[in-house]
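For reference, the structures are reproduced in the following blocks.
Each of the next two complexes has chain A plus one other chain: chain B in the first, chain C in the second.
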Partner chain A sequence: MAAYAIRRLGLSAIVVVGVSIAVFMMLRLVPGDPVSVMLSQGSTAQDAAALKHELGLDRSVFAQYERYAGNALTGDLGTSIRLHEPVARLIGQRLPATLELTVASLALATALGVLFGTLSAVRHGRLTDHLVRVGSLAGVSLPSFWLGLMLILLFGVELGVLPIAGRDGLASLVLPAVTLAMVPLGIITRMVRSSVLDALREDYIRTARAKGLGAARTLFGHALRNSLIPLVTVVGVQFGTLLGGAIIVETVFAWPGVGSLLIDAVSARDFPLVQGIILMIALGFVLVNLAVDLLYAVLDPRIRDSMETAA
Partner chain B sequence: MTVVESLPAAPARSPSWWRSSPTGRQLRALVRNPTAMFGAAIVVLVLLCGLLAPLIAPYDPLAISADALAPPSAAHPLGTDDLGRDILSRVLYGARVTPLVGIAPVALSAAAGVVLGLLAGFSRGLVDNVIMRLIDVLLAFPGIVLAIAVVAVLGPGLGNAMIAVGIAGVPIFARVVRGLVLVEREKEYVAAARLCGARAPRLIFAEVLPNVAAPVLVLSTVSVATAILSTAGLSFLGLGAQPPQPEWGAMLSQGRDYLTDQWWIATFPGLAIAIAVLGINLLGDGLRDVLDPRL
Partner chain C sequence: MRFVKTTGAAAFAAALAAAVVACGSSGSAGSAGSGAASTESATAVATESEGTPKDGGSLTFALNAGWDTLDPAVSAFTFARQIMLFMFDPLLRHDPKTGKIVPGLAKSYDVSADGKTITLELPPGVKFHDGTDCDADAVVASLERVTDPDLKSPWASLLAPVDRISADGPTTIKITLKGPSAPFLDALTQVNLAPVSPTAVKQEGKDFGAHPVGTGPFKFSEQTAGQSVTVVRNPDYAWPAPFHDATGPAHLDKITVRDVAEDATRMSLLKTGEIDIAYQALASQLSALKANPKFRVLLAPRSGMPRSLVLNTKLFPFSDPKLREAITYAIDKQQIVDTAWGGAGSVAGSVLTPGMPGFSSAVAEAAPKRDVAKAKQILAAAGWTPGSGGVLTKDGKKLSFSFVTQPGTTFQLEGQLLQAQLKEVGIDLKIASKEQAAVLADLQGGKAPFTDMLFAATDPDVMYTVLATDSIGKAWNGASYSNPEMDDLLTRARTEIDPDKRAALYEQAQKIVARDNPYVPFYNISVPYATTARVHGLEFDGQAFWDGYSAWVD
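Here is the complex of A and B:
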C-alpha cells in the first residue's frame, strides 16, 4: 500500500506542477498585449508600465514562473486588479459558500442516487425502473441554468416558499443545492443501478439466497455493499463536475461563492483573480482525486496490486 | 473460362446484407430500439426547425417591434422579449446555431484527442508519458472551468466559446482512444500487418484507427450533448454568443432579468436546449448499446 501511495503522490505532484505552469501561461497566451487588455480606457503609458512591472511581465518567462510559483507556495496569488485586494483573501472569503453548496449537493446526489439506483435495479424492467431511467436521463439533459430559473419561478415566485437569491440560512441553500445536484444525481443513479444489477447476478448472491438469507439482507448485506465500492470513484469525479457546475449555479442564484467571483473576474479581465481561482479549483480537484484513489485502494486491494505490478 | 469469370461477384447490398453483416445487424438493432428512435426523431425535428427556420418563422428574429414583453398569444405563440422580438422565431433560428455548437467543438476534441490517443497508445515509452502527463494536467481542470479559462484568454464570443469547449473535450477523447489502442495493438491483425511490412503510420491510421472508430463515434454522440450544454452555459454567463444573435443560452440569459413577470422569455429557449440535449442523449444511449456496450 505504501508503494502505491508514494507512486500516486508522485503522479499528483507532477500534475500540480503542470497545472501551475498552465495557469501561469494563461496571461502569456492572451492575443496581443495582456496589459492593454486589462487596463481601462484612458490609462497612460506609465500605468501600463507599472502594471507590467507589478505582474512581472518585464522579466524573462522563466524568472516570471519562478516568482509566480514561489509566491503561490507561500499563499501569495497576487492582487486583484479590479478589487485591489489580495487574491488569496478574496478566495478565502468566498470559498466557504462554494464548499457549503458543493458538499450539500454531493450529499443529496449520493443519498438519492443510491436510493433510486437500488430501487431501479431491484424493480428491473418494471415501471419504477423505467421511471428512474427516464428521470436520470432527464437529470443529465436539463441545463442547470434553466432548471435553476424554473425552480426560482415555481418555489420562489409562484409558491413563495423558498428564497430565490443570496446566502441566508438553510432555506436559501435548498434551491441551489437541488439544481447543482441534478447532473451527479442522474450519473450516480445510473451507475448504482448497473452496479447492483451486476452484483445481483453474481454467484455469491445466489449462494446467500440458497442459504436462506432474506431478500433485504441479501441486498443490503451483500449486493449493495459490494456495488458501492465503485461509487467512491464516481463521487470523487462528480466533485470536480460540481465545482464546475457551481460556477453557473452560483451565478443563477447570486450565491456569493468563488464561481460567481470567477465570472465577474473573467468579464472584467482581472487576470490575477481569474488565475488564482482556476488554480485553486484545479488543485482542489487534484487533491480530491488523490484522496479518492487512495481510499479506493484501501477498499479494493486489487487496484493497488495492479498498480504495484505495473510500477 | 477466364480467371476473372471464375471469381464470385462482389455481394450487392441486398436485404441479406441487412440481416447478415455486422453493420447491418447493428443498424437493425438501432432501428428496433424505441428510445434511440425517439431520440433520433427529436434530433431530426431540431435539425428541420433550423433548416426551415427562414420559411416557417413568423417574424424576422432580429426585428424589433413596439409589442415588447407581450405574453404568448395567437400573434406571438411564445410571446416577445424586451425589444419586442418574436420568441418563437428566435427559438427556430436558434436551432440553426445548435448543430454547429454541438458538432464543431466535438470535431475539434475528437480530431486532436484521437491523434494524441493513437500516438500515445501506439508509441508508448517517452511519447506516451509526455502526452499522458499533458492529458492529466488538462483533466485536472473540470470541463467548464477549462472552457472558461480558454475564453478568459481568447475573449468572449461564440467562436471562442466553441474552441474552448472543444479544447476541454480533448483529454477525454485522448484517454479513451489510448486505452482502446493499448488493447488493439496486441491483436493478431496488427502483428500480421507488421509482418507484411506495414510501417507505423499505416499501422496506426489504416489498421488500428478503423477498429477504434465505433467507440469514438459513441463518445462523439454523447459529447455533442455536453458541447451544446457547455456552449449554452458559456453564453448564459455572457462569455459565448453575444446579443442580438438568437442563440438559446444567450436568450435565456437575457430572459433572466424578466423572470418574475415575463416567464416566457427564459422558459422557451431553455426548454429548447433541454429537448435537443435529451434527444441526443437518447440516441447516444441507443448507439452505445448497439455499438459498444463497454463505454
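Here is the complex of A and C:
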C-alpha cells in the first residue's frame, strides 16, 4: 500500500511538472504578449523594449522557464504583471470562493445523482426511469453559460426569489452552484443508475432476496453499497472538471473566484498569473485523483490486495 | 492605461474629459454629423427635468470589468480611475459641459508667459479623509511619489516635462517645466496625479491601494477582491471643483461599485433593481430600455481618436493611396454605427472627436459620404478591372484582403457590413477573427492590412501617438504612417502653448489625415449607461466617467 501510494505520488508530480511546462510554452506561442496590452499612450518602440526587458521576456524561453520553475519550487509563483501583486496572494484571495462553489456543486450533484440514479434503476423501464434519463442527458448537454442566464432570468428577474450575481451569503450560492452542478449531476445519475442496475442482477442480490430480506434492505444494504465504489472515482474526476467549468459559471454570476481571475489574466497575457492559476488547478486535479485512488483501495479490499501483490 | 474590454482594439485611457456630457433618454445622439452641439443641448434638457437634488440614499453601480489597485499612482486600469474619481480630487479638471481645462482641487492656476512655470493655488483648509492637511507640501509629495523609481508608476511619463516641483507657501505649488509643454495641463487633470495622504502613504506603504486615502467627495469604506468597492460620503467635503457650482458634501451616502463582466447578467441586475447603474448597457437592449419609464439610457461620449479603420500604408493593398481614398467612398459609416453599435454615438469625420481641443469641424464636415460610383471610378483609374466573380484584379492579382477583428456580435457585425459594402465596389473582404491580445499584437506589429481601433484621450497629442513616425512598431501607429510634414506639425503642437496657434497646427494635421487616409474615422463612440429612474445628476467627463459629487437618488 505504501509503495503504491509513493508510486502514485511520483506520477502525480510528473503530471504537474508536465502541465507547468505545457502552459508556459503555450502562453509564449500564442500571438500577443503582455507588453502589447500594457503599452500606454506616448509609448515608443524603445519603451516597449524596455518593458519587455524588465519583465524578462527578452530571454530565451528555456531561461525563462528555468527561472520560473526554480522560483515555483520555493513557493514563489511570481508577481502578476497587470495587478502588481504576488500570484500566490491573488489566488489565495479568490480560492475560497471557487472552493465554496465547486464543493457545493459537487455535494449537490452527488446527493441528487445517487437519489435519481437509484430511483431510475429501481423503476427500470417505467416513466420515472425515462424522465430521469432524459433529465440527465439534458444536464450533460446544456451549455452552462446558457443555463446560467436562463436561471437568472427565471429566478432572479421573473420570480425575484434569488440573488442573481455576486457572492453574498448562502442564497447567492444557489444559482451558480445549481448551474455548475448540472453536468456532474447528469453523469453521476447515469453512472449510479447503470451500476445499481448491474448490482441488482448479481447473484448475491438473489441470495439476499431468497434469504427473505425486504426490498429496502436489499437495495440499501447490498445493491447500493456495492455500486457506490465506482462513484468515488466519478466524483473525483468530476471535481477536476468542475474547476474548469467554474471559469464560465463564475463569469456569468460575477462570482469572485479564480475562474474570473483566469479569464482576465488570459486576455491580458498576464503570464505569471495564468501559469499560477493553471498550476493550482492541475495540482487540485491531481491531488483529488490521488486521494480517490487511495480511497478506492481502502474501500475495496480486493483492490488493496491486488496492489500489495503488484507492489 | 489599459483597454476597455468591450470597446476592443485600443480603447485607451489617456486622459480625462474633453467632450461633453450625455443626453437623456430623449436625446438622439445617433444622428449624423459632429455630435458636440446636439449632445450639449440634450444635456440641458436632462438637467432641467431632473428637479432639486435630494441628500441621502445609496446606489450601486456595475462596471463591466475589474480594477487592479486603488492607489492612483500605481493603478494602470481604466476602471480603477472611475472608482478613484470618487475618492481623489484631480488638481485640474475638464469642465463636463465645455470640455475646457478648469480648476479642480486647485481653486486657480496660472501658466507663465513662457509656458515654463505653472502655479497652482489650493483652497485653504483642505483635509484628507484621515484628517491630514492637504497643503502644498502634500501635493508636492504626491507628485514626487509618482516619479519615485521604486514605485514604478505607469504615470511617471506624465511628469517627464517637469524640471522641479516646489511648495511656495502653504497653499501654493510651483511646477517648473524643462520647456513649454502643451499637453502638461491635461496631465494635471488625471486622477492618477491627484493628491494622496502622506500620512497614509507612510503607514500603509505598498498597501496604500488597499486602504486609499484622498481628499475626494467620498471616502473608502471596504472592498472585496474581484467583487466590489464601497465608498461613503465625506461629510467634511467643502472643496468641490468650481464647475460643480455647489458647496458642501456630496448628496449620496454611499456608492457601491461592482464588477459584473457578463453583459446579460449586468442587464438582469438592473432589471431587478440590485444595481442602479449599468456601465456599457447592451446595444441590443437600448431601445427597449429607452421606451421603459423605469429606466433611462445616458450616452456618455468618449473623446480621443474616434473608432477608425486602420489602413496599413506599408501593406497590400493600402500602400497605394488611391485604394485608401476609394475606401472612404466605399463604406457607409452611418450603417455601421447604427447597426453594429446600436446608434450610440455619432458618425465621425475627423481623426479627433468633436469637443477635443483642436478638433476641426471643417475637416469633419468635408469627410466623404458613401458614393459607390466614385469609389469604382477611383479604383478603375488606379488600374483595377473587374475579374471573375466581380472581384477587381490588376496584374493578375485579386483585390482581396482580410479585416482583422475580434469575436463578439458587435465586431462581427461590423466586419460583415464592411464586407457587404466593399463587395459592391468589387473588393473581396475576408474577416479574420482573433482574440483581443492577438489583434493588438498585429496592430502594433504593423501586420494587419486592415483593422480598426480607437484611442481614448483628452488631449489632441493623441495624434502623435497614432500618426508619428516614432510610434511605428510595437507602438500605436498601426497604419505605419510616416510623413515628415506630419511629424513636424505634431512635434510643434506639443510645445505650442497658445491654444489658437496649437489648434491651427492640429487643423492642418487633420487635413493631411483626411487627404492621406491612413485612418478612416467612422464612429465617435458614446458609452451607453443604463440607470433606474431614481438616479439623477450624473455628469460625465470626456472619459465617460463621473465623480459622484452631483449624483443623487429619489
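By our rule, the second predicted complex is superposed on the first by the 262 of 311 C-alpha atoms of A that agree within 3 Å, B and C clash if a C-alpha of one lies under 4 Å from a C-alpha of the other, contacts with A are read in each partner's own complex, and residues count from 1 in each chain.
We adopt the following convention: a contact is a pair of C-beta atoms (placed from the backbone, for glycine too) under 8 Å apart; a residue touches a chain by one contact, two chains touch by 3 or more.
Computed from a predicted structure; not experimentally measured.
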item	value
Touching partner for A:P31 - first (chain B), second (chain C), both, neither	both
First, second, both or neither for A:A49, with chain B first and chain C second	second
Contacts of A:G169 with chain B and chain C, given as first, second, both or neither	neither
Partner chain in contact with A:G125 - chain B first, chain C second, else both or neither	neither
First, second, both or neither for A:L153, with chain B first and chain C second	both
Which superposed partner A:T251 touches (first chain B, second chain C, both, neither)	both
Partner chain(s) touched by A:A268 [first = chain B, second = chain C, both, neither]	second
Partner chain in contact with A:G212 - chain B first, chain C second, else both or neither	neither
Intersection of the chain A residues that touch chain B with those that touch chain C	30-31, 149, 152-153, 157, 251-252, 263, 267, 269
Touching residues (chain side chain C, partner chain A) in the complex	1-3, 5, 12, 14, 65-66, 68-69, 74, 76, 154, 157, 224-228, 258-262, 264-265, 268-269, 271-272, 274, 434-438, 440-442, 444, 455, 457, 461-462, 464-465, 470-476
Touching residues (chain side chain A, partner chain B) in the complex	11, 14-15, 18-19, 21-23, 26, 29-31, 137-138, 140-146, 149-150, 152-153, 157, 240-241, 243-245, 247-248, 251-252, 262-263, 266-267, 269, 271, 274, 278, 281-282, 285-286, 289
Chain C partner contacts - residues on chain A that touch it in the complex	30-33, 35-45, 47-49, 82-85, 90, 93-94, 97, 149, 152-153, 156-157, 160, 163-167, 251-254, 256-257, 260-261, 263-264, 267-269
Chain B residues touching chain A - in the complex, by the definition given at the top	133-134, 136-138, 140-145, 148-149, 151-156, 225, 229, 232-233, 236-239, 249, 252-253, 255-256, 259-260, 263, 266-267, 269-271, 273-274, 277-278, 281-282, 285
